[in-house]
Structure formats: C-alpha cells, structure tokens
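Structure record follows, encoded as structure tokens.
Order as written gives the chain letters A, B, C and D; numbering starts at 1 within each chain.
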C-alpha cells in the first residue's frame, strides 16, 4: 500500500451559493493529491507527459459526507491499494477537514496511454520501480 | 420515466492540455441538464431554493468513454428512472456528441434538504405533481 | 462596427458563497460570446485553430457594476469597434441581465499567433473578408 | 507598502488546450494570494466575513506576458501600495515562475461592503491596525 497526505486550502472561487465547496471542485483536489503523491516518489506526472505517457481519467466515484467550506485546510489522503497491472491504476482519496472529520471519499480510475497513438500502455518503469517497494 | 435532452457547447475554458474536456467539467454540464430538465416541467431549481429547499449532491459516479472536445455541441440526456421517494433523487446522464457517439455516462444522487435546518425533507409538491404523470 | 448578442444561463457552479457569480467566471462567458460572434460570420474559432492560428488573451479589463445571479439569463453584447490591424484584436463585452441592467463591461485584447512558431501573425483572410463589410 | 509572496502550484484542471493556464484561472490565484497576505497579518478574510464584512471585486485588470504551465510553482507577489481609504482597496499582483520570469501583472480593486445591507463600509479596524505600521 502506498499512502500520502496532501494539504489543500479551499479557495473562495471553489464555493457555491450553498456556502460550501461545489461538488465537482473536489476533483482538481484529487488530481493535485495524485500529482503530489507521485512527486513524493521522486518522479512527476509532468515528467511522465514529457516522456509521452498521459493518464486520462476513465471513471470517478465520489461520496460526499460533510461539506467543505471556504478557507478549510483539507487533508487529501491518497492511497494506492494495489500495484497497478497493465494499463489501469486506481487511486483512493479520503478528504478530511482540520477537525479530522471525513468529508468525502472517492475512487478515481485512470489509464496509462501513449500520447502519440492514444493506445493503452503500462506504467512507465521509472514510476513502477519507485512504487514496487511499497507492495512487497 | 422522465427524459430530457439538453444541448451544451464546450467552452475553451473547459478543455485541458490533453486537448479534451477536463473530467470534472462534465459535472456542471450535468447540473445544467438537471436544471433544464426541471424547467421543462414548468418549475425551476431556483424557485425551489427560494422556497427554502436545496439539493446538495451526495454521490456521483461517472464513466468516461470518449473525449469531448472544444466547440463540440454535446447532448446531455437526463433521465429519472423512478419517481423519487423520501429525500433522495437519482439522475442518470448520458453525454453524446454530434456524431451521436456516447462520451460519458453518469449517475448523480442528490438529497432534498431544508436550507434553514439542513434536515432532509421530501421533494416539494410543486415538483412532485409535475413529475407524477411520467411514472404512472 | 460589428456587434452580436449571446445568451448565457448562469450555472450553479459559477456562483460563490456571496450568492453571486464569482468575478472570474465572466471570462468564459466572454470567450463563449467571442466564439459565437465569429460563428455568426460563418467561420469558427475552432476552424482557425485547425488552420494553425491561435488567439491567446494578452490583456483583460473588467468592471463589475451589479452582481449576476444563479439562473440569470445573461446577454453578452460583443463589439468590435475597429477592424483589427496587424496581430491585435480588441473585443468589448457588455453583460446585461433580463431586466436589461448592465452588470459588467469588459475589454479583452488577444493576439493572432501561429501555433507552430508562437510568432505573431495577422488575422486569417477567411475572417478578415467576413468582417470587412461591417467596417466600410 | 505591504508586500507578500505566495507560492501556488499550477493544477492540470487550470490548463487549456493551448497547453497553458487559461487566462481567467489567474484570478483565483490572486484571490488566494490576497487571503494569504491578510493571514500573514494575523487576520483572515474568513474572519472578516464572519464579522459581516464582505469584499466584492469591482474591477480587474490583468496583462499576460508569458504563459504559465502545468506544474509550474508560481510566486504571486501581492502589494498594497497605499493604506486603503474609505471603502476601496487596491491589490497589485505580479506572477513569477521558478525562473523568476514575470508572467502576468494585475490590479484588482475590491470594496468593503456590509453583508447585511450591501452598503459600502470601511476596512475593519482589526485589519487597519495591522496594516498601519507598513505605511508610516
């Protein structure tokens, strides 16, 4: 298992007239948390794109339990439960506020795809070798 | 069953550097489609909020099959498969491009909530009476 | 002078916790209005990009006079006061609500740029020839 | 003069199909930088709203000099050149990338407004007293 925590401060722009974070604005938080998660391994998603591998999102599921509010400092806990096989990778995200209340929980599925051909590919070795130790 | 079609043109702002619509930008499309769906019944979500009932999103699930692109004229097909019971309502959305290719499919669950107390409530009668004929 | 009107319905996602449209969400409205303005000439911005000419925004100025609100049907009046010379084009936008109150007024400056080289270029002839009649 | 620096990492969601940050996505960066600027004084914008004073944006002007790109770590330099008089406050923002290139420069004008009455008011004393030392 590979888990990281990423802190994100809610922006005013992300609230709506209910006075809470608009539901879809959690997804850029998750994206940021995935990027930081990879960065912590000493690699970056930006590097991967420069190598010609992109990661389109193919499936999202998110449950909203409690509202996130303006200026909340959220903790996005990001977990890989399994070492990805083939072209598919699944991230789990749990969002906590400063009181450690669970606000939302999500599963995001992405594919590894060759940017040039748009064909499915497998996880670049640079990332795989860094992840391996967490799953043995 | 109650089904409506809503046309939405993809904005440049909604694309990302993959050259496609960023995944979370489909959710405001779904929200717009739900609002237009209710408007077609002769009622509006804005009316409902003015009556003190809000509809927070509590669960989203979306599968992305093909990319949506800048300037695409998308058709968001919105379906209520069942007349909502109690405080819960489930919308199904299918997104088609102009070639009638299915791009994405989603299920969005919302609650009816009293804005003042934040307590769950049931669908306002004004909406229920307009929906009833589609489910008998 | 070349002027067009574009109707845009405010989405819930575009409001903030002040209960009004967040200030930067007017810019995608302006972008949409510019695209519709060009479409009305029988050309599209998407066509222009496919021809290898892109139009980055280089300067924006917007004054906010009255708030736009959820579900407002806004009219974005878009005006070209002069036929663009060289690589520069200036659009003026006025935003009205259904009561015909002026909500905001903006000037957006863009450049014509060759996508390949990122060098400034002039307006494609396909657009120029369609605009010319409005300025003679 | 009161100046602060705020670091913001560009999110994928904020890019567009030109491969750069979409122009209006700089405004939430500026908003975040203003909030952090106030926080550094030992006060928060959230506190101010809880006290019943809101700060709607009434005028924005931004010039874009160079593109910001995905994963760039931007420095938003925020400056108050004058102690605000009456209901008006003007923030200047300069955006730098990691190479210390200037990407954009902006001036944002906001009003202090009483949330209840929507009447213009002056800067809360809690903020004024903390800013005063920087302007004498």
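One rule holds for everything that comes next: a contact is a pair of C-beta atoms (placed from the backbone, for glycine too) under 8 Å apart; a residue touches a chain by one contact, two chains touch by 3 or more.
For clarity, every value in this text was computed on a predicted model and none was experimentally measured.
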Between A-C and A-D, the pair joined by more C-beta contacts: A-D
Subunit C-subunit D separation of Cα centroids, rounded to whole Å: 25
Length of the line joining the C-alpha centres of subunit A and subunit D, rounded to whole Å: 27
Centre-to-centre distance between subunit C and subunit A (centres being mean Cα positions), rounded to whole Å: 34
Residue list for subunit B, restricted to those that touch at least two other chains: 12-13, 18, 20, 24, 27-28, 70
Chain-level touch network, classified as line, ring, star, complete or other: complete
Subunit B-facing residues of subunit A, complex: 18, 20, 23-25, 27-28, 54, 56-64, 67
For the subunit B and subunit D complex, residues of the former touching the latter: 12-13, 15-20, 22, 24, 70
Subunit A partner contacts - residues on subunit D that touch it in the complex: 9, 11-14, 27-28, 31-32, 35, 44-46, 49, 70-71
